[in-house]
Structures are given as C-alpha cells and as structure tokens.
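The two complexes that follow have chain A in common; it is paired with chain B in the first and with chain C in the second.
Up next is the complex of A and B:
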C-alpha cells in the first residue's frame, strides 16, 4: 500500500474547530502567543545573540562543510606529529561515539558490547593486511585497504544482525547484560586464540599501511585526513538516515515501543537494523585504528575503552551527531593533556579560572574571591612555614613557570605523600561544602577549597598522572553534566515511565 | 458483511476472565461506542483487537480476514489504528515527526535509498509530509503550524489526545479505535472532539470504535452503543435503548436495596 493524498486539507474558515477571535495571533495570553514565547525570549546579548540567530538559520550541510574546513585548516597549522596523532585519535573516538549513538542515543538500546565491533573491525583489517592467514593464502594476498575495509564493514553488518537477533530476544537491562557478555567474550577469544594465526595474547603486528589506488598512507597527517574524511562521510550518512523514515522509527522505539508497534513499526526488525548499523560504524573505526597503529592487541579492546566511548557520547549529548563528534574531541584532548604534567597544569588551573568566571558574579565579587585566594594562600604558607619549616620544604609538582610561581604559595612538605592524601579528603569535603552552603559562607568555602585543590594538585595529584587522568576526566564529566544535564549539544528530553 | 467482526471472544488472565463470549460488529462509516463501569473489560477488548493480548478463545476478523495471533504492527498495517487511554506519544519527537512516524508501514524506502535520497525515498518523503499536513489540519487551530516543530512533551493534555488521533490517522486506517478520547478535556474541548469524531466518520468514511465515559460524547456520536460489564455484553442498540436498559443502570448504579430485599 502506498501513501497517497486524496483529500484537500479542509478549508480553515469552514473548519468548526477554529475559534472565533483566535485569529489575533499577537494578542497576549492566547494559545499561539504562549507557544511562541521561546522566540521572544532573550537569547543573550552581543555575539551570543548573533551566534544563536545564525545557529537557527544555517542548515546541516553548511555546518558540516564549516567543520570540515576547520578540520582541514587545523592540519595546515600544525606540523607537530604528536598533535596530529591526538587529532587523529579525537576523530577516531568521534567516529566510535557516532556509531554508539545509533544504538544508545536513537534506538535506546544500551549496548555494552560495542567495543567488540571496534575490535572486530580492527582484527578484520589486520587479518586481511598481514600474513595472519598464511604467507600465500587469502591473507597472504595483502588486500588493498578499500577491499578489506568494505569486506570487514559488510561482514560486521551481518555479524551485528545475527548477534542482534540473539541479543534482542531480551530487552532493557537484560539486553545490556547480554551485550556486556558479548563484548567480554570478544576480548577473551582474541586473547586466547592460537598465537600462530590470530596472534592471541601477542596480537597481530607488522600490518600493511592503508593502501589503495596506488596511494599508501603512512604519515600521521595522512591518517588524520583519512579520519576526517570518514568522520564527515559518516556524519552526513547518519544525518540523512536520522531524517528518514528509519531514523524516525528508531527514535520512536526509544520513546515508546508499544505505541511504536501499534503505529505499524516492526520493532524487532528495526532494533536489529540499529544494532547492525552501530556495529558497522564501530568496525569502520576499527579498520582505521588498526591501519594507523600498524598492529592490534586484545588489550586495545577492553571495557576501559568502552567507558571512554560512552564518556564521549554522554559528554557531547546523547542522540546528537554533532555532540558525539564534539565529545570525542573534548574527551581525547583532555585525556592527552592530562598525560603531560605541563598541559595537565594548564588544564587544571584553566578549568578553575573558567569555572570562577562563569559562576561567580558580579565582577566585584569575583575580584574578592581572587584576592581572597591569593591572600589566604600566602598567609597559610607564611604561618605553616613559621611553625614547621619542613612542611613547606617541597617543590610544587608542576614543571616550568607554574611551579616556580607557586613556590612560595602552596604548602608542599618534603614528603608530600600522606599530607597529599589528607588534602584530597579535605578537597572532597570542601566541594561538598561549596554545594551545600550559601552566601558569604559559600564564598569562604570556595576560597579555601581552591587553595586546598592547588596544594593537593601540586603535592600529590600531578606526580601520579595515570591516576590523576582518570580522576580529572571523571571530574570534568561530573561538572559538565551538572551544568548541562543533556550534554554539551544534547537536547532536553523527557523519559516515559 | 461488517468491517470488524468480533466473534465469541474470550480472554482470561490465569483464572480471571476479563472477556467472555463477546460479539461486536462494526460496519464501514459507523461509530460504535463501548461503555461500561471501570474494570468492565473495555480496554482489554482494544488490547486484544490491536494484538497486544492474544484471545483465549474466539475470532476477530477485519474485512473477513482473521487477525488473531498476528503481531501488533501487522494488525496496524492491515488497517486498525488506535489511541491509548494513558497517552503514549513519542514524547521527544516533534508533533509532525510523531505523525510522520506512523506512516512507516505504508512506506518502503530502505536505509540506503533514504541515505542517497533516491527517487522513491524522495517521493515517499513528499507524500508523508503532505499526509502529515493533511492529518494535522483536521484539528485546525488546535494543532496549527507553529506547533509542528515543538516536541510532543510540550503539548497540553488535550492537545496530546488530539495528536494521538492524528498519529493514528496517519497509518491510513480502516478502523479507528479511540480509548477515552475526551478524558481530561473541558466541556468546550469535549464538544470539539465530539464533532471531530463525527467528521472523521463522514469525511474519511472511517469505522470507529470508541470507549468513552462521558455520556454526552457517547450520545452525540454513537450510531450504536455496546454496554459491557464484567467482560460480558449486557446489551446493544441505540443510545436511548442502552441508556434506559435496566441492566445497564444496574451495572452503573447497583440495584435498588428495597428491590434487592424483595428478591
């Protein structure tokens, strides 16, 4: 049966449901006036208004084109290989988050085994681009990248559909548990297979770089361009899908499955489709990852990575393609900055300054807080130094000028280990106090907490970057979600209970 | 032959009989109201027809074809659309998207066709858009254009009821089942919805099965009324016949104590 329009829309004037006098759209208090309130609301002043207006006008593809141009311009600016690699990783996570968004954000399938699709793609590429299947056999042929990627992504679609058929026999939390098992099963299998063929615990290495049509990609910049191209392509495809009947149907499933089935939607088939599409995007990201890294190991596909992908999606905004991309970039860049002490210090103090500027108003009060933080710090340092000189004998952990500048400010004992642990507890107490207190007491709590945070950071946190990275990422996520509960670019949602 | 034929229908949950030996027929362009006190089994009848429950016994036919045992989306595609007593909109989608979503069963474009915007996908999308506009314009100012891009959760209660009807209409049904369409509406809105239901029958030649507690609505729209109590059909006929039937009055008000004492 095809949809066809047989009848003209009824004439509004002959329509009995039209109220007399309701035509006055401008009159205050009338239905339509209330509904248009968002248009009249002040969206801010100056550049914020300009941005908001532009945001409402520009269509999806000019936005994507703008982002692409920014991405290309970025590559021209930077010749630093490390930065290019971080940029590549950002886009890789953006790609992964976009794929996860199909299942989690649109269709409401809490897929905790998504990491397996990433691994499937990576191992698939590795097998076709190495001697894994024998020097002269199928794998020995060292397929060109375009062929192996297409084969792997198509196979991922099939595997995703088959696994989806099994996993989707249960729904809700039970589905999440089954997929968690699938993800874990992938890791266990990859880790325990025969080391001769599929690498097992040793992984597969010495893979071909990405090569097709006579071009071989070997440089970090080349892989960055490739990742950018794939991101733009996937974003465009997903947007077109989102605004089609399939995308609408997926989002309807997320809201109400029973109503969806009563409205002609084949719920099970749509879920399997969503799961398969998510698997395909994950696998595509996997092939890119394997080619760039030149090897694959089972430990590349643990649940730690899955949590990071979820962090990208949640931070960016569940259900939003742009959010997934932004989340991928923010999380990856933050993670990398936290790995280097200097950058981590910039990030740490930068976030404190941004939070102060954003949250403390008016300016006069901000001035008091800053003055308070500085005065309180030097006073504490002087007092503690006078009582016990050894308590201030240590050097701040931050290298470079930040460390030197804070030398006479923060309290760092010669052995900061235990003192730092105590400060860390004090920091948590201080944060709780900031949330609970109001007025002048809150300002005092802010001043003390910032000083405690600085001391804790210089004495304890920065010397353990591995742990600090996790704590800081968690803190960034919590603070962002508190400020924007639906993620950076997410839309307000209501959940049907 | 009637469009919808419910034949000897029974539904049990364990030992509890929700519906017993029920017969209902609905003809084309006819509005049949189902009334009865709370717990009489009215909503269960709807859930059985739309495939959410499978009947214990009996048959349901649409246009002569049995729909028993079919899954809900198959039944919906055969031409039975419904609204829900407890509103079940796609809350986070816009008003227009809610309506468009219901055309899923009547469109065919595969994901690759949609992604590449191939001719069939484009044509279907145009038709879906026109259909959504047409269906929404049935509600005039109440669901006027400026609301179409607002999320469904932002609508008023009465407008959610209207949107549920619009969404059901977008499936291109032959039989429309409305579960308490006037619940939670003020008298003016109730009057509007009564007129609207009559228009749906007259302009779209729809067969309509309505559950309603508001007797003004039932009186205003019904071609026929079926009264249920404890899952059993008490009586059937015109509104006047049913409203004055002693068994119906008894079901709603109970028996006169004096009469009970004499019996």
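Up next is the complex of A and C:
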C-alpha cells in the first residue's frame, strides 16, 4: 500500500544507498514503509551520510541534465565508429528496458511478448521508408522520419491498447504466457509473410536513413545523438508519469490489485494504459533501430533479444528508470566486451578476482586461495607436461600479455576442443561443489575450480566468443536473481500474499 | 481417408511427446506455482543424452549391442541425466527464490534456458545431429492397417507414453509420495507442519518431471530423427500450450492437452498450411486462454484476501 504512505522523496528510485540494508529485503507481510524504516535510519556515517543526504536533495532534472551532459561529452571524446555504435546500442537497449519497465516494473504485467512491439516499430518504419509499399521494388512511400515515426508510435499505442485488453481476461502468469505467444506469433508472421511486400525470411532492406526537415542522419554519431535525445525525452516523460497519479496507481495495482480496485482505481483502464505505453516506447526504439540498421530481419526479433532486454531491466533493477538505463549500458557493453577476445579475458578474470575479493574473508584466507591457485596451476602444468608433452602443446586463446603470461600455467592441448568440453562439464561440477561444500574442502574446491575455469576459458570458451557471451549472460541472470532479486538500483518491494 | 488416419497416427506420436513434456510443466506448476520455462530445454538435453549413448555404442551404423539394450540404456541415461539436471536446477536456481518476488524465478528460468541451449551449442556445435533410427529400427517394421502404416518407433512412443502417464497417475494418486506432493501443492506450510519433507517432495517432483522430459527427448529423437540445440524452445512452448489447454496443474489435462496439440499441429500442417501450423497452435492457445483461462480441466483458483 505505497499509495497512502508515500513519504520518500520522489526521486528516491535513483538512490541506491538508501535501500541497502537487511531489513528491507523482501520480508513478507510487512508494510513496505515500515520495512524500509530501518534502512532510512541506517544511511551510514561520515561521507556516506553526506553523500546520501546530498543524493536525496538533488531533484530529478539536474540528474537527467548531468547524464545528458555526460552523454554529450562522451560523444566528443570518442571518434571510433565501433565505440559509437556500441554507445548507440546501449541507449537503444536502455530505451527498450525503460519501456518494458512500464509494464513489468510499475504495473506488474509480466510482458513476455515485448519483443513484438520492438519488431512492430521496426517493421512499421521499414514499410514506410522503403520500397515495400511500391510495386516491384520501385516507388513506395518514402515518408519523412518524423511522420513515419509518429504514425508508427501512434499505431503501436492503438495496437497495445487492444492487446492490453488481454490483461483484463488473464492475469499473472497466464498473461505472461499469452504475451509470450504473441511475441512468438509476431516472429512467425514476419518470417512467413509473402516475400514481395513485407520481406518474409529475406527481411526488408535498403531503408531510407532517418530524414526530416531537410536533415538526413547517416553517421553513427548522428544516430547516437538521436538515441541520446530520445532516451532523455522518454526518461523525462516516464519520470513525470511515474510520479503522477497514474504512476502511483500503477504501483498500487502492482502491490495488490484487489486493494487497488477497492480504492476505486480503475484496474482495467490502468492495465490497458500500461500495456499501451510500453508498446509505444518499444515501437519508438524499433523505429530507431530500423533506421540505424538500414534493414530489418525477422531474426532481429527473436526471444534471444527479449532475454537481453530482460537482462538489462533486471540487472538495473525492476521498477527504476535509472536502473533501466544503467542496465542497458552495462549489458550492451558487457556483451560487446565478451565479443572481443582481449576485453573478454579482462572481463572474465576481472570477475573472478572481484568475486574472490568479495566472497573470501578474511584477507589471510584470500592470500591462501590465491597462492593455492597459482601453485596448483603450475604444479598441474608441470606434471601433465612431464607425462604427455602434447597435452600442453597448445597456446592459450587469450591474445596479448594475458595469453603469454598464462602459457606455462594453463593446460591447453594442441587440439583443445574435446578437452575443453570435458573441462566445461568439470567446471559446472566444481561450481556445484563450491556451493555444497564447507570449510577447508570448499577452499580446495575453489582453487581447483578457478584453475579449471582458466584452462577451459583459454582452451575452449574464448574460441567461441558468441556462445560464451550467451552462456555468461544467462549465468549473470541466474546469479543476479539469486543474489539481488531487485537488481542494482531496484527497490526492495514487499510482496503481499 | 488414408491421409486422415495417417495424420492421426503422426499427430498422436508427436502429441504423446508433448504430453510427456507437459506433465513436467504441470507438476512443477502445481506444486510451486512456477512456470519452469527451462523445461523445454531439459527435453532437448534428454535428446542429446540419448544421442551420446547411441554414439558410445558405435553409432547408428555400427551398433555393438542389441537394439533393445541400446534403447534401454538410452532411456535410462536420459531419464536419470535429466532427472538430476532438474533436481540441480531446483536446488541451485529456484530454491533460493522461494520467497522472492514472482518475477524472479521466471527470469531465472529464462536464464537457465539460455545457458542450457548454449551449453549444448558449445559441446555439440550448431549443426543438426541425426539419430538415424532407420539404420537400427527400420521403418518397414511395424504394422499396416489398410493403407495406414504405424512403424515400430511410433508404437514404442505411443505405448511408452501411455504407460508412463499411467505410472505417473498411480504415483500421484496411490503412493505416499503422491499424497505428499498433493499436500505440498495445496498448502506448503500446512504440509510442512504435518511433517512432510517439503524440500524433498519438491526435488522429487522436479526429478520425475525432468526425467519424463528426458525420455520424451529420446522418443522424439527416435521418431523424428533430427535434433538441434534449439528444439527445446518450440517444443517447450507447445507442451506448455498443452498444459494450459488441459488446465495447468491437472495431470489428465496435460495428457489430453498434449495429444490435442499434437493432433491440431498434424492436421493443420497436412490440411491447411505447414508454414503456419505453429501459428495455428499458438492461436488455439490464445483463444483457449481468453475463453477459459483455467483450461479444460483446471479449476479457477479462489482469490483469497
């Protein structure tokens, strides 16, 4: 019942320090304001307190302005086209996550068909900005972007409102299933329609670049600015929406639908609105995506992308605009880093080191573990090398200094495929062992598992960066959910049963 | 008419596979109110375990053991492998989330599904693997009724599935384990107070459900030959449709729903359009959900305040 007791500052959702604390952690049956009261008391001491106070005082628009300035400054710094494209993608996913947040985070509609709204926007833009409506690849309506985007977003709003009616019939998990099928149905339709007009399997290509008012956007930097502008605009609108009567009503609905309707909130109208807004933001992101990509294919809108968007939202924190943006950036950057061998190695070993520092206490034990990992590795390498020299003949997959540094450490046979697969299975067993064992056995399991992980990474995982990326993303989702179900910037919500 | 009956047999075969997967969905949902989206991928893993067993014994064209023994090993390995996979999933991914917000286990399930699919992709590569059933169980064996051919694998699938469904029905309705499952499903806390080991019951439910999915995986590998790392997603969706159409949480509902979906798919692809058969199945689901959200056999849950 957050509606009646809302005493937090309106921008508290961008405020990670306030919510950290044991008491607020999803205790069931406790009023959320009461549950968080001890968190509010324990903001910390010294500079943490000063920061928290300052954080609570700054309004929402200076924050947004600051983020905008950072975004603009970033564009001035980087001249690398690849980096600009990654930056564009980050903002695109941030936009998508913000839209998904309306349905999932605020109003509690678990929308697993969100990818369809993204696809709807992209296909809508593609149809209006290519030869799709013409005959035999000639003609077609080449609308200016401003018109086609407005048409597409408005149409998405209407479609979203109609599909939102589903939420009135089915609720909870059932809604999730129906939307999952809608998303899948979108893919099937896009993939199977006649190839003449709507592309079918071949997709639509040769789209006009975004053009309006005599300006044509062609460079990656241009699209980055455009995405930044849209993100800022959408974030501002969503923030106003969130703090409005409607936003509060959505959260009331999310907390307890029955109580909300008893408070005379129109549950049906709110659900339809939430779904329509989410669809509109998704479609807006879709238009941007189509314009930047210059083509659309049905495979751009599969459940893999849906999982990626969910990863953004969940990692950042369900229910928070800042979290959605942060999640979009983190996930996209991580995904791109995993795609390049050098960066992927930094990320992989970095995560291991961070996990060790965070989890192994006290320092002395950490020292033992590190020493153990190093000693165990060199010993294994020496033993295996002495028995069968061919087993250590391969070169580590990581390029640069990491690869050379690990040359005498990890076991990489000259043909590491099968060996690497076995190690991968061993790695899973090791992780299970770490969770199950206690005491000295656990430390030994940690040492062995880290070594196995390093060997497996150098011999097998880094060879297939695309697959590794997906596995890591899935693992990140699982681990985030287990460790912090509310994400990085999410609020601890209280479930009423 | 011949086409009609042949389609019936084919639809029944795939329907039985869907029904076996749907049973796992429905059991887990019944006991935990959890949509285990990763269940379809457990089925896929089962198909790959069967394939590995086949390769271990010399592959389709150089079998070193009798076919009956091969089938026994395949089904045993797949059921135990997938069963333990299910237990591990429950233990490490779902159990920490019992009191988390409703969305958390769903996201975890998506994550698990992602990891499983890509793990198989890493281990086996992306290309299609074939069971080559014809090499050791020739299509010509089987029975011929009029113009309708039912080959041995289809008989095995149909009979095996019905036997397993009957077994499951016996377990749920006639054993102590089944009783505790039903108790946990209806009220977890009350069951715990009555001395039922809730964690163990849930783990066993996962084991049974996943083992059946594994067996379904081997059956589909034998019946349809080709397996890839992505078969789990669509099969899972369809099995899910089956569970929902039958009324999720209801065991006879899942069986009938599975067979119904299999038949719908077979008839729509042979009479209407093979391209859009998936869409037709999804259409059935959406319409069923809108007209009767609790499914055919399901009961509308009481809303407690």
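Annotations for the structure displayed:
Just so we're on the same page, the second predicted complex is superposed on the first by the 419 of 497 C-alpha atoms of A that agree within 3 Å, B and C clash if a C-alpha of one lies under 4 Å from a C-alpha of the other, contacts with A are read in each partner's own complex, and residues count from 1 in each chain.
Keep this in mind: a contact is a pair of C-beta atoms (placed from the backbone, for glycine too) under 8 Å apart; a residue touches a chain by one contact, two chains touch by 3 or more.
What you see is a predicted model; the values in this text were computed from it and never measured.
Once the two complexes are overlaid on the shared chain, A:273 sits against chain B while remaining clear of chain C. Contacts of A:61 after superposition on the shared chain: neither chain B nor chain C is touched. When the two structures are aligned on the shared chain, A:261 is found in touch with chain B, with no touch to chain C. In the superposed model, A:252 makes contact with chain B only, not with chain C.
Once the two complexes are laid over each other on the shared chain, residue contacts for A:237 go to chain B alone; chain C is not touched. Once the two complexes are overlaid on chain A, the chain A residues touched by chain B in the first and by chain C in the second are 258, 493. Within the complex formed with chain A, the chain C residues making contact are 33, 35, 88, 92-93, 96-97, 99-108, 110-115, 117-119, 121-123, 233, 237, 240-241, 244, 275-276, 278-279, 282-283, 285-286, 289-290, 293, 303, 305.
Against chain A, in their complex, chain B makes its touches with residues 50, 52, 71-73, 76-77, 81-82, 84, 88-93, 97, 100-107, 109, 111, 114-117, 121, 124-125, 127-128, 130-131, 133-134, 137-142, 144, 146-147, 150-151, 153, 167-168, 170-172, 192, 195-196, 203-204.
If you check the complex, the residues on chain A that touch chain B are 1-5, 7, 9-10, 12, 15-19, 22, 31-32, 35-36, 237, 240-241, 244-249, 251-252, 254-256, 258-267, 273, 277, 491-494, 496.
Across the complex, chain A meets chain C through its residues 26, 28, 104, 110, 166, 169-170, 172-174, 176-178, 180-182, 184-185, 188-189, 192, 258, 303-304, 307, 310, 314, 318, 421, 424, 432, 435, 460-461, 464, 467-468, 470-471, 473-478, 481-482, 485-486, 493, 495.
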